[in-house]
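Take a look at the structures below.
You will see two complexes here that share chain A, one where it goes with chain B and one where it goes with chain C.
After this line comes the complex of A and B, so read on.
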């Protein structure tokens, strides 16, 4: 068992660790350093301390982006989870057969699950392009085409400043729901049938069955879902970059930090400043994840 | 008739809702639910279906009758998207990059995970946590220096460079998931093989890898879908038009279609990038669902 053990361990670890350190760890470390310099990508770097951060906090676009993250952070998980929970419940527990107490999903559960899940497979940029055509504000758009046929005014889903961000969130919900239906279904499938049946025999209504029995037993999965959707809310680069006008417009009304990092680093020639934004984004994400896990911590129900 | 009796009974006042009422309540709930399910299914399917229809229309039809069937199937739109808009090229680029990077990720990831899961040595925990910490960091934090690292290595705008970067960013999850998986495998088989004089390397490739197949399949599916959808990394690292991957390419086509007003070509391009996913999903539906959700449950 011992012969050739050390060379084997080193041989197996050397390639993955090298690639990982060079392309992941080293850039992460450098970002913190770069954010404290005035580097433009070409000349030498000067240490300027927190100047980039001070500038960032004074910039309106930065706060715009933070505000959008906050809105997405609340709306995306809330809407997605409510819709997905409702559907998952229907597909697994809620649609009881007329005769007797067999707890099962509504008719056609599997078909719904397959259809709902499909958008998850499509890459966000492809979905983004798909929805630029759906939202197009003339008779060639899917929605406005109907509105015009009905004689109504077309709506500028992506060009209206107050509406654009919500149009973006709607697309994110459209994609996410199916995944969480499947995730919650898996969670509900692990709830022992006899618990639900016992509750039913005791006369529990659908409401009680859902809120008092299913939901508490699903708490862990919900927590995971919230963290996942929250992290997605802090990214949103692909969808904003592809879907919105002027990449984050109109007039910065849909911009997110990721978009601003990209713009500053690769279009405005301010990589050091972009790095400071990267650090800000990192702390926001970490704080959110830690807070969520903290706040939502509850006694796990032991079965 | 039944409801009449029921109403009377309820009027008498039962503490516990008796079966009849529960049943009606159930039926109403699942009726409403059915309607909601159908609506959502329409919301999911219609944009996709509508895109496929529009891909066969010409510009006049797209603007004048967005909701009718095309007069005839204009396959030339698809041809134009495949050749002139380079969807074919972008598609093959994506296949190449995703194929190579997922193969590399699975090989390197399972090697690292196996050693970390089953061998005790100094530094084991450090390396493990080094990998796992990568799960907590957004790619954006690394973006700017990453660009310069890749450039300084002379790998900017090369497939090799993009593949290496994909591998690097897929490793944290792969190592995390597979380490847990390798730990669950029984050690008796490994010990027996060692007794028979198998080397560590042979043990890994011929015995442990086949035993770990279910876990490997889940992670591979997860990585394929993740890399296929990757947008940020190629946008930053691949600049020349002929080397773009599908996600990048379709965004480019979207912009170009705006200038050229070639809307039917754009619809065809979208359809062409959705179609393979429908085929893949039809074949591997079960594995894909469980592979993707397994990632979230762990």
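After this line comes the complex of A and C, so read on.
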């Protein structure tokens, strides 16, 4: 090791590591500690061991929230990735190749690329407010307004207990697709054109081209997308809080852990209990990320 | 007790770092960065000054005063233009610092818990208010007993407590100690348009069958008879149900609920009231309201699409911009549910809202008490009512001010009720129970639920709170 290299590295790392420790690691440590106390937000607090956790495991709403995370965890990545892949394929490869022009996207793909990305630019609460109007269950709602004009019965998108969670998931998908279209587009751009063209000359149909060539070469990107979306599935707070009836309702049918954390910490005056839920959320997220990376590990195709 | 039950844009913390959404975990600790470290007690000016006739509490004359006002439905002009100048006039050497805040808890929690920069007087209101129960349990509030027993500003021979609506000190009492001044007089009832009722020839019902017949008539006219906003204002409706329960079984029904007594929610009066209102929900409302916010539903009433709407008497002020000039807001008391009701049909729920407290650890505690004393003078109450069109708890302070048809009618209803006034405290004491009651009410009224399910699920929650040693209990 050359002389002076160590101070050089330390010099670069000191600022980011300090910021990370102070604003990320230290609050985590505090959260773990607080979850073992009966702190109510003021000065006195006693160590109460695992009481908060025992209470949490007995509470129905906690399990309800876990159930919703499980549903979102399957539905959100699956639907988002399918739609985003489809769009990205159309934008980059799916256009009919004309003689001598090579592979390209469908007509107008540059415009679509920008349009698909729009939802990503909006802050989540704004999307929540937007969709309250989309889902409003009377004649001034975007969907139900049309239904009523057509003489149909309005649908309680957010007021039917069996439907509300799916309405929330639809918003999450709508918001996420744009980003993954761009992500997959970048992935597809890195696939050498000659491989695709060779396949096409060999008589591969669009389907074969997609499933046998493009998809395997995109595996790494897909894996990243799955982890990101999975972690997003453990959040969903902003949309649930702004959009749903009585923040997580009706009757807790759309609640998520972050919503319960917020409610307990800031409305019920039980920050210690909320910290216990935060710790649960922490372990869920970590477990998910580790599992996904382990399960989806497979050999990368060398290009 | 402000006009907005809940506002959506209150999440500033849990977002960002979106790529790794696990940020939700540390957010609380981030908020109060020194959550697990202590704070120093600040000395301040609590030593006090000389007591005199003009200064009965013995405030130090040049001690600065820090006033935090919730800038919501009532604005904050009443403080900057009326109360603070009054304090300054009484203590010309004192510097009054005014802070206008919309998210009280987010702003003050770190300051109170860290014991740094603690304000002296706080108007703790709005949807983001500090939990009063927790404040009391953590000894953050100054006892107001010296204020209530002090001579009043207008008449030194009268104590402050004798110049306000009877019972005001006790509305803000927790387990017998008076900690909060609820300043604004609030009456709850069912609101309708005087013009609409007159035009259609509808009359105000006092008996239940009259009420149902009226609902039938309204429905025939193509108007939604009754409804509330399920998305964020379901407590307007549990308020109606419980007021009906009190009429059926007497005021003790509500006392039992507040005191978390066994079977308080499953008692017959509560069941009867719930069943009666469930029928109204099933037959005479619009299920779409479950998905609407209070502003949407109130607007529909202003457009004459909804006939009756339960609320408190801040409603007419809140809606002043969207109300047609001839709308004529009027308030009726809940109709009697049974012929054998224990309380008369004129019974209403009345309380005082907009809770002010003096911080126990504030640098100028005595100044804080004095500020409240000035607020409770006739000039203080009069100035508030002039600016906000809302009557205060100060007796006779709103005389000669035109309150508009809405508040005038609710004040008339309060007068008609006489001694038959009921009140509820459980929602302020146990936020979780309020939440469960809201959810259950939506289920009952819009979700086709039964009265039995309504009562038993809230009872279950009440029982679990009662058994939870970490929750501070209150009694009245």
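Descriptive notes on the structure:
In this text, the second predicted complex is superposed on the first by the 274 of 303 C-alpha atoms of A that agree within 3 Å, B and C clash if a C-alpha of one lies under 4 Å from a C-alpha of the other, contacts with A are read in each partner's own complex, and residues count from 1 in each chain.
Convention: a contact is a pair of C-beta atoms (placed from the backbone, for glycine too) under 8 Å apart; a residue touches a chain by one contact, two chains touch by 3 or more.
Remember, it's a predicted structure, so these values are computed and weren't measured experimentally.
In the superposed pair of complexes, A:257 makes contact with chain B and with chain C alike. In the superposition on chain A, A:28 contacts both chain B and chain C. Contact with both chain B and chain C is seen for A:271 once the two complexes are overlaid on the shared chain.
When both complexes are overlaid on chain A, the residue A:242 reaches chain B and chain C alike. Chain A is touched at more residues by one of its partners, and among chain B and chain C that partner is B. In the superposition on chain A, A:131 makes contact with chain B only, while chain C stays out of contact range.
Look at A:44: by the touch rule set out above, it reaches chain C but stays clear of chain B. When the two complexes are overlaid on their common chain A, residue A:228 makes contact with chain B and with chain C alike.
In the superposition on chain A, contact is made by A:87 with chain B only, not with chain C.
In the superposed pair of complexes, A:281 makes contact with chain B and with chain C alike. Chain A residues in contact with chain B (one complex) as well as with chain C (other complex) are 23-24, 26-28, 30-31, 34, 41, 123-125, 128-129, 132, 138, 228, 231, 234-235, 237-238, 241-242, 257-258, 261-262, 265-266, 271, 274-275, 278-279, 281-282, 285-286.
On chain C, the positions that touch chain A within their shared complex are 6, 8-11, 14-15, 18-22, 24-30, 32, 35-36, 38-39, 105-106, 109, 112-113, 115, 128, 131, 133-134, 137-138, 140, 230-232, 234, 286-288, 290-293, 296, 431-432, 435, 438-439, 442-443, 446-447, 468, 470.
Interface residues of chain A, counted against chain B in their complex, comprise 1, 4-6, 8-9, 11-13, 15-17, 19-28, 30-31, 34, 41, 83, 86-87, 90-91, 94-96, 98, 106-108, 112-126, 128-134, 138-142, 145-146, 149, 174, 177-179, 182-183, 186, 200, 202-203, 205-206, 221, 224-225, 228, 231, 234-235, 237-238, 241-242, 257-258, 261-262, 265-266, 271, 274-275, 278-279, 281-282, 285-286, 289.
For chain A in complex with chain C, the residues that touch the partner chain are 23-24, 26-28, 30-31, 33-34, 38-44, 48, 51, 55, 123-125, 128-129, 132, 135-138, 154, 156-159, 161, 228, 231-232, 234-235, 237-238, 241-242, 245-247, 249-252, 257-258, 261-263, 265-271, 273-275, 278-279, 281-282, 285-286. On the chain B side of its complex with chain A, the touching residues are 16-18, 22-23, 25-27, 29-30, 33-34, 36-37, 40-41, 43-48, 50-51, 54, 62-64, 66-67, 108-109, 111-112, 114-115, 119, 121, 127, 130-131, 134, 136-138, 140-150, 164-165, 167-169, 171-172, 175, 194, 199-201, 204, 225, 228-232, 235-236, 246-248, 250-251, 253-254, 263, 266-267, 270, 273-274, 277-278, 280-281, 285, 288-289, 292-293, 296-297.
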